[in-house]
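Chain nomenclature is as follows: A, B and C, assigned in order of appearance, with residue numbering initiated at 1 for each chain independently.
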């Protein structure tokens, strides 16, 4: 680590001779330190799930939430610096409200993603600012468009996904998700798999405690983005705990 | 404005299309009578405009504190705006001075708040009843732009002009040629207030349905309701 | 907070008026001093919305045993022209609140955009706390009073209903900000035709059942259709109970034209 950068990493407005913008890569490191965040798109619903690492027992359970509502049927999950994330959420809400005011309908997630990623990208261009240390997962569901899922990275690049992950165990979560067939997945399967993946990728040795957080948008939630909705939340936690116990007993053998 | 003045023959006051009036008379009457250690204030519960009765159970007495009640009628939207402003200001006073506003202070404040809108008045008839700092009953009455007068009895609102002479006679003892005005006992004050409303309901179409009567004493505020003509 | 007009401040009192001053709302001038902005005309005088253009007629609201119902027909008129004949004029605001609007429909649509944005912001808090009907009612009185004080009214007469802490709530607000609550309220023509019909049913202090309420509203809509030239036979009903809110309809009123022997085609 000590040899990298070598003077080219002090500003987001300068390339290094080999064509990298170090500030963006450092922002990526901030994301890698964060608890794992996943989003998965099923047949008729979409789920966001978060491994919220508990840094102190003194926090309330719902403190420092990483899943936010942006509009009726749009949710955002944040991996990385929470304060940066909240700011991005605020921007997203403004964009959604602005769209609503102009067109009297909910902003399509594709357009919201474009707006927010343009904003994130702008923060990678100037020496006066630093890039956002967040990876943003946006999810929506509606009758016409069905489930939609996008991820924006600190560089400002964004893509649509069937399933995506960010944070500590991004790779591990992606490996797990590649085993699944999302296109025909029901809401029940979706939340159970979300629970499984988050509980499986949680590293008990490095972070003892975590709080499972998830949100769902589907017909069953009346098309609304709902944080920790019942009964799905319990289903996810049960599936997660079961998967974890299975893993633990494998290790014992 | 200045541009117009350079063309004197075209000097016109501007388009004066004005079929919207911000004011509306919603009727209602108030009677308040103060005694040595009590004050009675009553208001009817009819809210109307023209020949239309909107509701038959609109309370027009606003309890501002343990010792002060404001009766407000006239343009109902102004009443709502004014009373919520008074409440807000009284809360600010309480936070700032850590005590409740005295009746005298409320009376003065009300006058100022109303005069603040001198050129676009609150179109309301206010009667403020309460106990003063010595515990004596007191009545303040106002005109729409904040003129304030301290009295011992007052009728206001749509039947105010109808009822004031009745009170002059029954409470003020104006018919008697006496130096010392008779002290009015509470029971008499209540009866006169009720009778006044029964009479007002006979002749004033904007007063009726029922009357709410509040009695303020050092022991607190009691309330009773008497039914009136509903036609 | 998320709107370009600055009425959505979430911080308490920030950007708010000093007591006695007025709140700013879309369509109001930003820098109005207390007296100056109310009446001062532009150099050639100013014309404000001193009469409504596209209008809805009566709205009727009743409380019943465990809830509130608001009905209005589906017509928005353009003067005497029955211009838009399939428009909802009663709405669900959230699970606790319903609203019905008569008067200038454009004014209402603009106001409703603001209300809807408030509801989205409520959801963003993710605390499952919804705005209650009384809050919306009071907010509307302040908005309407503010606009009437600038002699630039929102030409509306609205009925707000819903469940307030388990109890039915029903209120009425008009273009001046005049507001009152009652067990039955109506706007426009409904005040003259529908109110007596409902009051007749509850005169002995009896509380209507849900069925009775929808029956009496149906009767009201029928009478209004017969006598109000700005009414049509199609109407919708918004219902609020402890279980939530729903907009039902459109329904057709019962019609009996047997007396009108020469008239065909109904």
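A few points about this structure:
By definition in this document, contacts are C-beta pairs under 8 Å (C-beta built on N, C-alpha and C of every residue); 3 or more make two chains touch, one makes a residue touch a chain.
Protein names from UniProt, one per chain: A = Proteasome subunit alpha type; C = Proteasome subunit beta.
Everything quoted here is computed from the prediction, not taken from an experiment.
The minimal number of chain-to-chain contact steps leading from chain B to chain C is 1.
Of all the chains, the one whose CA centre sits at the greatest distance from that of chain A is B. Chain nearest the geometric middle of the protein is C, using mean C-alpha positions.
Centre-to-centre spacing of chain B and chain C amounts to 29 Å, using the average Cα coordinate of each chain.
If you average the CA atoms of chain A and of chain B, the two centres end up 61 Å from each other.
Separation between the centroids of chain A and chain C, computed from CA atoms only, is 41 Å. On chain C, the positions that touch chain B within their shared complex are 19-20, 34-35, 38-39, 41-48, 50-51, 141, 144-145, 148-149, 151, 153, 172, 175-182, 185, 191-192. Residue ranges of chain C in contact with chain A, taken from their complex: 1-4, 113, 116-117, 120, 123-124, 126.
Against chain C, the residues of chain B that register as touching in their complex are 1-4, 12-20, 22-24, 26, 47, 52, 54-55, 57-58, 75-77, 80-81, 85, 88-89, 92, 113, 116, 119-120. Listed in rising order, the residues of chain A touching chain C in the complex are 65, 68-72, 93-94, 96-98, 100-101, 104, 224-225, 227.
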